[in-house]
Amino acid sequence: MKDLIKAKAKGLNESLVKFSRRIADCNSTGTTSEFTKLISEEMKSLNFDKVTNDKSGNLIGVIKGYENKDALVVISHLDILSPQEQRTEACLKSGVVKYKGGIVSSVYSGALVKRTLLPLTGDLIVCCIPRHECCDSGIKYLFENYLKPKLKKIRGVILCEPTDFNIHLGHKGRMEYEIIVKGRLNRNFLENKSMNMLGAMFPLISELEKASKQLPSDSNLGYSNLRIKDVRYSGYHPEDELNEFRVVVDRVFIPEENLSGILDKAKTIAKNVYKGELDITINTALAREKVKTYTGLELVSEKEFKPWVMESHHPFALESLKSLVDNGFKSSFGYWKKIITEGSYTCAELNIPTIGFGAGLEDTIDSDTESLSMDKLERAVYGQALIIQRNIGVPTFGWSSDEI
Amino acid sequence: MKYKKTKINILTLNCGSSSLKYRIIRMPEEKCLVQGEAERVGIKTQGDSVITHSVLGKTRVIKLKLKDHAEALNKILSLIANDARENKEIIFDIFAHRYVHPGNFFTKPVKVNKIVLGKLKETLSLAAIHNPIIYNLIEFCNRKYKAVEQYVVFDTAFHKTIPAEFSTYALPVKLSKKYGLKKIGFHGISHQYVMEEACRFLKRDPKLQKVISCHLGTGGSSICAINRGKSFNTSMGFTPLEGLVMNTRCGDLDLGVIFYIMFKENFSPVEAENILNKKSGILGLFSSSSDLRDVVGNIDTDQKAKMAFDMYVQRVKAYLSFYVLILKKADILIFTDSLGTGVPLLRQSICANLDFLGISLDKDKNQAYQDGIAQLGSAQSQTKILVVPTNEELMIAKETYKELIKNDTRN
Amino acid sequence: MILVIEMNLKDVKFWIYKQKNMGLSHFFVKDIEEVRTSKTLKNDILNFTGSSKIEAISFRILFGGDFFDKTTVINQQFFTKFSKLTEFFPFYIPLILDMLKIFYRDFKDIPQIAFFETSFFSKLPEEEKYYAIPQEFHKDNKIKKWGFHGIYHEANSGMFPQGRKCISIVFDKQTTVCAIKDSKPLMISLGFTPLEGVMSRTSCGDLDPGIVFYLVNVHKFSIYKIDDILKNESGFLGLTGYDLELNELLKFYGKDPKVNVAFDVYQAQILKYIGEGISVLGGLDQIVFSGSQVDAFNPIIYSLIKKISFLGINTIRLPWANDKKTFQITSVDSEIKVHLNRVNLAETIFYGTEKLLHKKSSKL
């Protein structure tokens, strides 16, 4: 069977190279519709059984199974970046990776499975999701609408993100929250400190930094992290009751922590700093932002990506890894260190088994200098097809491809 | 020269998955002083364990709880100690164990020492049901009865002479070497015993005989081609799962079937192995019992019983005919173990229509058979057809004694 | 003209026969993708047949499952049934279905006939057809021996009068042994999949099922990996390490110890099934060897026969005359007669097709 997949993969190479070039040339800051049009046309020409898109701008291509049992969802994303976020460094810091290789491997692994005519026990659903920075509205919309009736049949989700041909099983969570301190500080507190608004914030900032040194860690994912992203204040005089200040915190966290716990803790820290102050209210809240998709849909999104970890002995993870190792890949299980993925939704929220697979390293992937070589992409397509075949393919035990 | 001129009593221990057969046999005269069996050892659900214990013909049955084989042995040894108070003859000098699957480590009986124990430990996974039980018992004896020498006799040793063309699987050589994959064969102690007994009965020299031995039991079944006293081919393979249809084992099976069932039914490898080892064979086909004797009782009325019987018989016939071909006709055909000795219809059906290969059974003799060794072939049968009750314990004692004498002269 | 087509995973072979024994007129091979995507398939073929009419197109099909217990004329219902076999032979059925539809579309007015390699074995006796596994698996999963090389074995069975006890052996990419009496198969070596039976160039043949569990449970192999090893890396390739076709490998028999072991094991596996065949037949009158490798395998046939000559077989020494399509390689006084049938698969299908057409026209 691997011979058959390999042989058919060769037949696809030429168009894969062409498609990769076209997609690299396409500027992601341009109109997204142009981008999705390119992908949807490619899917159609590769004989996907169904190509459609939803109101949120998600692009969906389906390879029909010969039965209607387990479905598999393959997800790649395309980044929608505002012009000020163009600098790569900034992107990486915020967990965004502009990884076009994922789009190519998701579309072409689907095409490869189709080309072999190997029957699937259920549908293969390839989804390209436009992703605004720190916004998972696209994936949510997809699962709440198009995929909703199929939810029970989904055996797993494969995220096409850089893993250097390993199987990744999760990453830390990331959230942005604000500590809002509102009201009047009394003279006692201010005597020892600076007199202006900024000065009044320093004790809180310093306590937060202290707290950042004592964060928990996870054996697979590493340490949590706390970074002060921004401070804002209104007015000049902390003794004026109409004024307020906010500390915006970028928080990386692990599965043992949770949203309300983190916010409570932040509140406690602030309360301790300003204890004895009577005319003050302290609040903490998750940051939100409004998002408008290129299709015109307006959504409000909370800036939270949940951490997630798949059990390494879960059959979906195990079989996927074995499908690679059995066929010559030197893969192992791993976890992303920096980037955030749709797994925060599919695995952490929906409890759907989720894994990541793709070519390239998460640190060096950068769409400005497309560092993925073509043979790496081809290998990713081959590996992805093996994973798909192993999980929802009808196995061909006993029959060899050397015709009998 | 410890043993050469004196008599020696050997306590043989023959473990099944839930049984322990034992005998004290005085060598070299082969006199059985004590014999018995502990049954339902370590089985939780099916009521009490039973020890049937006979001393020089007097039998006692004791019901009790035995949580494992070591506890059973402890009880047996205390029974023997009691007997010894009344009769000074009842003593034992040596333990002799039957070991099921030593992989490629041992091809002849050995005396237990640290190195041997270490090697045996490496073989535990080869027969995951039997090996650990026996190993634990050997270790137990080693700890508790330091002064008593222990020997291990291997069920596979007899088959070491099987030539490469029959013992090789068509697998990648590297894989076979790495994991020792080849036909190991089992029931060797029994096959060798009945072959020697048959030759003794017919007053023939084993070194000149071509023998086919059918060990058909309510546990496992296997068949063995023996050429001039040496095992030439046998139906069980690297594990006891290959070959004949057995009480709960499938025997030969298309491997594609295993993969297909595992995929279709979403069975884990352990579940699938369990099905093929414990729920297939006679039980799988007949479903109400795993004992071929129950099948025979229902054969005229129950379609499933007929199917199970026919498949069981046909598989034996297939191997039997194959072995006639590679031996270029057999001089002696032997039936042994509970089904081989106890079910006349089975012998009759297996031998039916094999005149072409020189095998022809005398129906009346076959029906009339009661016990002991008997010749059941018709006058025109080129192959002598014999029933020989097996006695693995005696063979264990004989093999151990041979090894003792060898070690003795070496010293 | 009769067109015989054999479709494999990589290529499509075409034989064009003139009728009434005028013989083969054309033979050509095309890449399967080329045929699938060709817009000029019909014309390409008509170029070969010229002005003479194509009476029928016959296909060799490897697997027919429960639905096709005899040679079948292709029509719309055929496709519905055929597609249901997918799960048994997942990478063959969808592809062949696709191809058959192309021919059906392009040659609408010409009768198209499917010859199955498995049909012959639908008549296997129950105790030979099933495995000693829990009964429910037979019903639910249709786990049974499908057999293989039915087209050859059926042709061989027609060579002798009723009542004869015959063993038919086919040397092709696979080797199969079949016991036949009264034109019915009583035993076949190849089972549910080609893993069972006699080893091939890369597959292991009969193997202790316990080995699979040993490797999976103790050494943590995946069943997919084991399946891959057993069918693609074992057999002659696994034993010798030489990646050669069997007729090439045979040249080293007697010279290279690894090759010797491989062919010895191979012959032992065949002998096992000859033995089994004799046991179901209750004797033996005839042995027939056929298949695409039958000429190359003359030394193996000779060696096999020598091993069982004590049954009453007198073989003629090698080399055997090879100008006739079928001939006997035993002397007149031999109790058991041994034949070679050198009629190849395409010819066999051609004759089968002619017979069928004749039957049809006589009905009209």
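All chains are identified by letter, namely A, B and C, in their written order; residue positions are counted from 1 within each chain.
We adopt the following convention: contacts are C-beta pairs under 8 Å (C-beta built on N, C-alpha and C of every residue); 3 or more make two chains touch, one makes a residue touch a chain.
From a predicted model like this one, the values you see are computed outputs, not experimental measurements.
J.: Any chance you could name the chains that touch subunit A and subunit C both?
T.: Touching subunit A and subunit C alike, sorted by label: B.
J.: Report which of B-C and A-B is connected by more C-beta pairs in contact.
T.: Spelling it out, more C-beta pairs touch across B-C than across the other pair.
J.: So which chain is the furthest away from subunit C, centre to centre on CA atoms?
T.: Result for max centroid distance from subunit C is chain A.
J.: Please work out the Cα centroid separation of subunit A and subunit C, and write it as a whole number of Å.
T.: It comes to 52 Å between the two C-alpha centres.
J.: Using mean C-alpha positions as chain centres, tell me how far subunit B is from subunit C in Å, no decimals.
T.: For subunit B versus subunit C, the centre distance works out to 39 Å.
J.: Could you work out how far the Cα centre of subunit A sits from that of subunit B, in whole Å?
T.: 61
J.: Scan subunit A for residues touching two or more other chains and write them down.
T.: 395, 397-399
J.: Residue numbers in subunit C touching 2 or more other chains?
T.: If we look for residues of subunit C contacting two or more partner chains, we find 192-195, 203, 223, 227.
J.: Going by the touch rule set out above, which residues of subunit B reach two or more other chains?
T.: 254-256, 259-260, 263 - these are the residues of subunit B that touch more than one other chain.
J.: In their shared complex, at which residues does subunit C touch subunit A?
T.: Answer in residue numbers: 8-10, 33, 62, 83, 86-87, 89-95, 98, 148, 173-174, 192-195, 200-203, 222-225, 227-228, 231-232.
J.: In their shared complex, at which residues does subunit C touch subunit B?
T.: 126-128, 130-135, 137, 140-141, 143, 145, 191-196, 199, 203-219, 223, 227, 229-230, 233-239, 241, 258, 261-262, 264-269, 271-272, 274-276, 278-280, 282-284, 307-308, 310-311
J.: Which bits of subunit A are touching subunit B when the two form their complex?
T.: 395, 397-399
J.: Over in the complex, which subunit A residues touch subunit C? Could you list them?
T.: Within the complex, subunit A touches subunit C at residues 1-4, 7, 11, 66, 116-119, 319, 322-323, 326, 390, 393-404.
J.: Which residues of subunit B touch subunit C in their complex?
T.: Per the stated touch rule, the residues are 125-126, 128, 164-166, 168-173, 175, 179, 181, 183, 236-242, 245, 249-264, 269-270, 272-273, 275-276, 279-285, 287, 304, 307-308, 310-312, 314-315, 317-326, 328-329, 352-357.
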